[in-house]
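Notes follow the structure.
Each chain carries a letter (A, B, C and D) given by its place in the written order, and its residues are counted from 1.
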Amino acid sequence: MAASEQVGRVSAPPSNRRAAERAGQRPARLLAATLTLAVLLYFFPLFHVVSLQTQAAAAATAAASASAAFDPVTAAAKFWQIDLPAAATRAVELPALAPAIRANAESAKTQFSKSAGLGTAYFFVRGSGKVLSRDRNYLRLAPAGAESEIVALRIGPIFGNTVRDGSGLLDVNSFPGLQEFNALAAALNALVEKSVGPLLREKAVVGTTVHFAGCAEAPEGAAEAGEPLLTIIPVQAEVL
Amino acid sequence: MSGSKFTFSFRKFQSLFALAIMVGALALLSDKFFTPDNSWNILRQISVNLCLSIGMTLVILSGGIDLSVGAILGLAGAVTAGLLKNGLALRGLEARLEFTVTGAIVAGIAVGGAAGWFNGFAITRFRLPPFVATLGMLSIARGLTMLWTGGFPVTSLGSTFGFLGTGAILGMPMPVWIMLALVGSFVVVTQRTRFGRHIYAVGGNERAARLTGLNVPRIKLAVYTLAGALAGVAGLIVTARLDSAQPNAGLGYELDSIAAVVIGGTSLSGGRGSIGGTVLGCLIIGVLNNGLFLLNVSPFWQQVIKGLVILVAVAIDKLNARGRES
Amino acid sequence: MSADPNIVLAAAGITKFFPGVRALGGVSIRVRRGRLLALLGENGAGKSTLMNILSGVFLPDEGTLYLDGRTVSFPNPSAALAAGIAIVFQELNLIPHLSVAENIFLGREPRTRFGLIDYPQLNAAAAAVLKRLALAVEPTALIADLRVGQQQLVEIARAVSVDARVLILDEPTSSLSAHEVDVLFSVITELKSRGVALIYITHKFDELAHVCDDVTIMRDGCVVGESLYADLTRDALVRLMAGREAKETFQKSPAVLGDELLRAEAICLPGAGAGRPFLVENISFALRRGEVLGIFGLVGAGRTELLETLFGLHAKRATGQLSLEGKPINFTSPAAALAAGLALAPEDRKRDGLVLPMSVAANASLASLERTLHAGFVSATRETAYITPYIERFRVKTPSLDQLIVNLSGGNQQKVILAKWLATGPKILLLDEPTRGIDVNAKREIYAFIDELARLGLGLIVVSSELSEILALADRVFVMCEGRQTAEFTRTDATPEKILAAAFPTKTASAA
Amino acid sequence: MKIPRLLRVLASICLVALTLSKVAAAADTKAAGNRKVAVVVSTLNNPWFVVLAETARDRAKELGFDATIFDSQNDPAKESQHFDNLISSGYRAVLFNCTDAKGSIANVRRAKAANIPVFCMDREIEANDAATSQILSDNYSGCVALGQFFVEQIGETGKYVELLGIVADTNTWNRSKGFHSVVDRFPGLKMVAQQSAEFDRSKALEVLEALLQRNPDINAVFCGNDAMAMGAYQALLAAGKAGKVKVFGFDGADDVVKAVAEGKIAATVMQFPKTMARTAAENADKYIKGERKFPQRTPVAVELVTKANVNKFGDYGRK
């Protein structure tokens, strides 16, 4: 039966010869693969080992160059020593500002205020006044030339962008970004706390007169009687 | 049943018909559609999904599902970017490994493969349903990505690495080269290798495959490992294109990928489908995305339309399947 | 049509097309009250398609259905069921993780006043139905815990419980034990006496004598004969079915025994959970080259488990000693058994044997893909060249090698499985119910192949629950019952009575 | 036979989809000619960003543009696709709300190289030479103000928990840093827990419920956005601590502004999405008309909303 011979042929056990050949080739192939891999790795290494000392040195220089790019403390100190005192002489006088606010807060804002970007308006204001009372964070003054009003001077911790934006001199676009601009505000606040705060806390007792220049957020309307018209963060102060 | 041959060949080309209809309609509706620029756009845009979908096709052909590819994409991208940027500190040895671009790429793919291997291990060794095992890996890989990056993107990876995502050779963008190479290789793997045939057998009938002497666990392990490694490649492309590894990169990509595979005619119950179909599936999704964009369709409507297309594709597939089996 | 008031259900001129093929061409049948109509025909003759149309699974493309003389149309199975037509399919359609009672009354559950399922009533009703079928299972048992034969009976119970006017049974006995078949026949007799009309599809002619009244024979989508059963001889039946003269009995050539191939000693397989402590208990035997060893046993006797154990499928649980050609071996996996030269064609082709979404060629070459490699890649040319002789040798009827295996008839599917295993060049072939659900002609062909393979020096183990099959094929028979080896006979001293006596358990408590 | 029918189904579905697109497109298209402006927004999954995107689109339409919104779904890669598409189909300008300060730079640079100006809204990109202008919400400063109010409300001693947003988001940290720049100055104020609730209302509810188990004695909760503030309030309500524990949010969402008025939430910070969106659209208009001088960054101040001034706010801005 021809057909059964065919089954006989194809149903013979699997050729062991071929399997043996394959097994013989295996180590050779493995060797070839390893060699190829080694050559590849030599020309295209996956990584280099760097000791931590070298790396620390490199990191230090990197940090140095990074800080050279922008250092809020240096920038703040420069502004504080040079630009701000010059601007203080051009600040609006409190006796002129106070009645203007009392008359119309909105037009006072358009006339006298400064701001960075869109939004909060600030006054840069100077004047003097007699200390009426004080607590941990504020002095309350009766300003000279506008004795019917009250203003508050901040002597506690300083937060926010009032000092940075109040002078109208600083523009976010001369800094790398908003984060740096905010860091500058914090550095300026620290300078206020360090150089103005202690002086006022120490000397400005009730009854003394304080000369000051400082920044204040523009109010939306005139305050109720007995409440401070402005809350000023002093950047310069002198106690008589 | 001599007619089933005809059904089969129609089935093979139904996605092609759909694609042809869409391309024709879009070419009529928008003069911007059939431009070389826009064509490259579409190809570049589908490259990431296609990388994931090749792996997903293998997994689905084998009768499983992989929900973790998007998360693995994120992890691999983050590892590559992190190694490239910061290297790897060896605590005890007072030294650090500074990775070359090749090294970082290999590491990214290896991490993807390792995560995929773990999927396969959980599925074969502990008999977890693939859905559960890869759902777990989804969360694990996301968490590892967060740990590795601290939740922040890793950026500025250098132009050599960036070439993978933004470069071009002979006028063809790199992601498209990578995609074509992978498609070519895996068409061969699925159609012309024993391993490929075994994937179909395992997905078509796992018990029969086992009784035929196939090492089913080893095949599954390989399939999930490959899917992970391919997700790693996709992660490299995404990272290189953005020059940044986002900790939440790849969020939800597993669903796009499953959609592409299903639209491409691969059966979710395994054993039936092809890489070619998946390429069409990705193209359909890509052309649809692009077309809806060019036609100024509101983003809310876009999602509805995409969902409808998936439903219609699968419904047609089911109708055909019913016709064939009767 | 309405001439005979006894005709309950009639179909006239039913035609049905599937893509590219005409499955039915103008078929007419009549089913009478209180009578059983046997529908006979080879696989692929169109019987199942016709039943699917009668039970509302498909709509016919042409033709009319009449119920009590009135034209009806069943757009879906529930419409047919509502009209009183119930069907038990050949493949089981049960939900494994629901209880027996829940399966029987699925979709028709009795409710309490609050709309919740009334479990006491459900279980009581189920118990009554089970009792009618003499099926000793609890209504609350899970389907998954039942044996296949019991599941088949539950399926029948479901159809009986609807009080159908027409009951269609598609090969109901394929996985039933002889005892269970007897119970089924008495239920059929009872149903007939109550006026139920039955349609019965089977390949086992022996069964017809017990229950059959009318016969309709189909071939190639057409009715080729209608008769009273009493008027037909067996030869006439087979001739009508095959469309040619067919000799039903098979003569095996005498065995030429060679060296010992396989020796099994004290094979044990502990049960996985509840039930018997051992599925296979202390089985020993030897198989020689050129020998066909038949294993007979009722469903659940442990025959399938024994074959699976031999094939390395239960490597972790099984104990005992195997030796191949005199050398002790230990199979840790099917792959190891395959490499040693064993091959197993499983009982449930669709579940365990075939990869349905793959082509004929891919199924046939799956176990021997390494022979089709060219430079490490699967070569379609080599695959075709390698596999074609086997496909032709087994006379597989397929339009092409690229045809999906799912489109082939059961007999041809089985032949592809045999081709697949022969292509690996095995020494020992384990065949578990090799002709289950296969038509007469294909069955005879497969017997001839088994004979031929034995003559070529292979060792074969054939497991079957068909006594005639074992008697026709086996050189030696051993009988299993409840996992144990209860008797062994040579070809000459094996008689049906002796074999059956050994197959039935001595204690009736756990009647299989 | 089935095949032709399937084909018909397929074809008709495609046609329906395309007709739908056409209808939707027609609704979006009024101006003729190429005056296409894209609004690319990080997510539409949060009402705040929907307001931002829709205001930008509507303002651009008022200015005679054909404006379309693109949703990046918080994914820089999707955003990148949008940029590729809009570059190749010739858009005139992009009003842009980025997904990531660093990850989005490459996209903006690609647009710039194709001569398409990009106007950032709300979120900053960390480059000075890529976008034409950036209208930014100053999250840090907003939280500085909120921190000051927090200290006023709680006093200088107490315990609080912080619910962070998505940890990968720059604004999460800008807000947290701004808040801590104030509150950390007061050593009596102890943060007993800091956890992420991913800007999500229901996550915040879960996280705070868990935290309350361990820290039943807290005085306040600071939340990185308003959705989390509402979630935190619900958790406190369930624990019977509403009113005893003060909740602080950020964004100025409508429901929170109302809750501030009712005293359920102590304070939030109003960002002005409408102002930013309108300014960006107007800048784009000016650019197309020929103007080239724009400040790189324009911070938009944010304002503290408390019970004292809540009546001035509403509808994502000042009334």
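Before moving on, here are some points about what is shown:
Here is the rule we use: a residue touches a chain if its C-beta (ideal position, glycine included) is under 8 Å from a C-beta of that chain, and two chains touch if they have at least 3 such contacts.
Note that the coordinates shown come from a computational prediction; the quantities given were computed from them, not determined experimentally.
Note: the chain lying farthest from chain A is C, by mean C-alpha position. Taking the mean of all protein C-alpha atoms as the reference point, the chain centroid lying nearest to it belongs to B.
One inter-chain figure worth recording: chain A and chain D are separated by 20 Å, centre to centre, where each centre is the mean of the chain's CA atoms. Averaged C-alpha coordinates give centres for chain B and chain C that are 42 Å from one another.
Taking each chain's centre as the average of its CA atoms, chain C and chain D sit 66 Å apart.
Averaging C-alpha coordinates per chain places the centre of chain A 79 Å away from that of chain C.
Within chain C, contacts with two or more other chains are made by residues 19. With touch defined as above, residues shared between interfaces to two or more other chains in chain D number as follows: 2-3.
Interface of chain A with chain D (complex): residues 115-120, 157, 159-161, 171-173, 176-179, 181-182, 185-186.
Of all residues in chain D, those touching chain A in their complex are 124, 126, 128, 135-136, 138, 140-141, 144-145, 147-148, 174, 178, 181-182, 185, 272, 275, 279, 295-303. Taken in their complex, chain A has these residues touching chain B: 44-53, 55. Across the complex, chain B meets chain A through its residues 83, 87-90, 94-100, 102-103, 106-107. Those residues of chain D lying in contact with chain B across their complex are 2-3, 6-7, 9-11, 13-15, 17-18, 20-22, 24-25, 27-29, 44, 66, 68-71, 73-77, 80-82, 84-86, 88-90, 99-100, 102-103, 105-107, 166-168.
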